[in-house]
């Protein structure tokens, strides 16, 4: 297990530097004046321009600039927004809301997705399975912002069951509707993945053994089918975090949630380049470490990985 | 054991099983009758698709979801199993009817420890057994299965055990509740030959000790005859012949059984194919050795660790006389396939020399190598992987000619037709694609491709191992004829000593990268000098009543 | 042991005729038409209603995108009358009017082109690049594979739309081509991984070893045998990704950093509809519906293709 964890950590290093470099490269090394590009058509205050030049060490050679940037990143210095606030402060303020939203969404997509996927897989070819497949495909094909507006309109505006926006001191209940919006597409993917994984596992020899040795069906399904089917689903949750982040930008924008996604949403609307770049870089780093965590979890779930040398 | 009860333990009557598939209803088993008495072993023998496994699945109520029993009855202790509810069946499986699966590598759940999987079986089949009791009992059971330091190893996972060990665990699981009947579905076909014998012995010990009746499902007539009191021979979903093993073997009456017995290599006592000319006694230094392997080693460095290496082939010298068949026999991991790859020039040897037709493979230039490839060609094991699924048979057999720029399009077409004749396929087969062919037909096409450039040598890497007995026999005979007509030299890689006896002149026995013994087939078979060779020979089923 | 067997010794021999002895092998006479792998695939997909549904919908969408004027005679941006602002459906204007008084139906029709073009172009770019990188990594292995796989990992660490948001928000220009390129830049790693896996498994097959033993050069082996046998999974995933790229484009346009506001597209229309959501929610429903149906058709087609093309799903005979 330790060897495996060490190996994964080692693999992480080039990915970490590579992806941050890539973002940095996209912003500052593409043709054109990066500062102009960052602000689009808006003219930034002169003081900020100087500050940014300094912050990104634009007078040094490119590779040195990058290392300054990484150095700052590693020290929690994420730069400043258009209005001059430190990005790290913005993130700290916005983090709780996003954490609440993401926790609810993950909980919903995992619990509902796995349950429905399991039932569909066990009833392969039956009506429930067919409907689950069609509905999940439909949910995947509707963009999050459409789901967001439609659910907001129906449940908040028309029915009044929830509030259309989530304020500063929101309770967990206020996050239910946005969490469902955020989770919808991922939920549908998990249904499909669990379903096919269950179908595949059920056909495996060791499940036949479990049945043949006289275990009750309930135990065969929970201890042997479901347990093994979860391995690919857990891996998916790591990859899916990326689309969840994008979804959070849209969802927090629609429900006016003061989270990290909402901050990016507003920065995009305002053309606040430095904020977008800094926060997305942080998101990518979170994504990388979350996937490391998922890989370790994968090893916990699958002894073949754990004991491989 | 001598006390025979009059009534059978299991009685299968007029059984029909059908599967509903995308293209309609398929009858997999029809009109099957047989019975099993307490304590006896009945073998159900058949090739793939004979319905033997379907029959056993019907007995334990584990047909695939699209299959069902449409007619007949299966009486177990007088109770009809075909109309039993799913819940009632759970109380029969494991506790009254045990099951040993085919492939030990995939039949244990990889994510749970071995001990856990034994314990849950015990607890499911024994009323009110505590967790602690189950733990103790599981250790005891694993010790009986032959697991050393069982109490320490219960927390290990399946992948930490060898195939043979896993099958012992599975037998332990199948026997854990002391069932009256054990169904063993090809219990050894995925294992190495020497392990096979020990597992079958273990199975026999376990069942006879507890007076358990056994249904042994197998494709191997030799295994069936050696291990079972009675045989049920199945073919295309029907029972064609049934009765005491010895009588059927010595006096088969149904034409299919006759053919099966005639084709089964394990029953053959002597080289039945006589294509090759008599072989000289000299070994590697023979001047006519067309393949000369001298002190060849292949060492793989293990990734990520210094010094750790695997010696796949560790100093092997073999000479293959022209126009004869030399077999290299060994179990998995013996290095025989690596050796074949080096002879084909697909892998480089770490040291030593391989000379093929006077050309040292090690120093061959690219163009010399290309010329050499015209003279030595391979045929592989898996008939489903050996042909490019997108190439028609014509394109497959013409490709060698195209690569080497041989002939005009008309001449190539002519050669393709000639090749079809040589491997006894109709001309029309040239238009077909691999997915339209049977395993045996595919293997014929693979041979045709290998012969296209008129090579002198064929390297046959387990070329008949994946085929059913009768088809295997046909392919072996085809190879024999071709050898005579085309004066071919064969390097025949196999794990099956019985097949060696059928077609090889010389044999080299490999174990763990070394040749432990080599010489003329008759000498080695009649008078093996090495312990390992003896073990391999012992592993060939001894059929009672057949010389 | 067997000589004094205590078990019943009666024998049974089934009645037989000569036919029973013949081995059942496929007859290869010239009578029937040969079935290649691709014709087998066609046979299996043409039985599926899902295939026909998606095929018809996709042809419709593509035709609309190519020839919008065949479907409406109303110009989508000219002749907008403020008097018609938010107006209900009427004769010749089945979906009603936008806030600016433009015909919604014709906007939905004309919006198809941008979405389909961006999706298609991004798919072609990502598949070509990802396919080539994946194939080279999988086939040649070794150091090349290690390097390419690390590069793939690096790009994979940046979620597609997130990367696109950064690139589009710092870019000065907004064109359909740029949006497609940006999407492809962050989408190719997924296709590269699929292609690498498919090539790797094809490379290990015996037919490749067989042609290597015949002396076929590695590059020709790759082109003639490995690539054709690895296309299935790549085609399936490319079809599905076309759907997800259309969603990505609409998300960018919705955020205001995708296609320029002057370009007629479903994403832009959805974005504009949000301001009048409470007064006229249907303005959102029409373009969103068109978008979703298009995406759904590609997802369905991808699903059908995966079932038919993925070797894991293909049954051996």
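Note that the chains are named A, B and C in the order they appear, and that numbering of residues resets to 1 at the start of each chain.
Everything below uses one rule, namely that a residue touches a chain if its C-beta (ideal position, glycine included) is under 8 Å from a C-beta of that chain, and two chains touch if they have at least 3 such contacts.
What you are looking at is a predicted structure, and each value in this text was computed from that prediction instead of being measured.
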| item | value |
| --- | --- |
| Chain whose Cα mean lies nearest the overall Cα mean | C |
| A-B against A-C, pair bridged by the larger set of C-beta contacts | A-C |
| Length of the line joining the C-alpha centres of subunit B and subunit C, rounded to whole Å | 41 |
| Whole-Å gap between the CA centroids of subunit A and subunit B | 49 |
| Centre distance in Å when subunit A and subunit C are each reduced to the mean of their C-alpha atoms | 23 |
| Where subunit B touches two or more other chains, by residue | none |
| Footprint of subunit C on subunit A - complex, ascending | 11, 14-16, 18-19, 22-23, 26-27, 30, 32, 34, 36-38, 40, 137-138, 140-146, 149-150, 153, 157, 241-243, 245-246, 249-250, 253, 264-265, 268-269, 271, 273, 276-277, 280, 283-284, 287-288, 291 |
| Residues of subunit A touching subunit B in the complex | 124, 204-217, 219, 223-224, 227-228, 231, 301-304, 307 |
| Footprint of subunit A on subunit C - complex, ascending | 150-151, 153-155, 157-163, 165-167, 169-172, 243, 247, 250-251, 254-257, 270, 274, 277-278, 281, 284, 288, 291-293, 295-296, 299-300, 303 |
| Interfacial residue positions of subunit C with respect to subunit B in the complex | 2-3, 5-14, 16, 18, 20-21, 23-26, 28-30, 34-38, 40, 47, 205-207, 209-216, 225, 228-229, 316-317 |
| Parts of subunit B lying in touch with subunit A, wherever the complex brings them together | 60, 62, 65, 86, 90-95, 98-99, 101-103, 106-112, 120-121, 124-125, 157, 159-160, 170, 173-174, 176-177 |
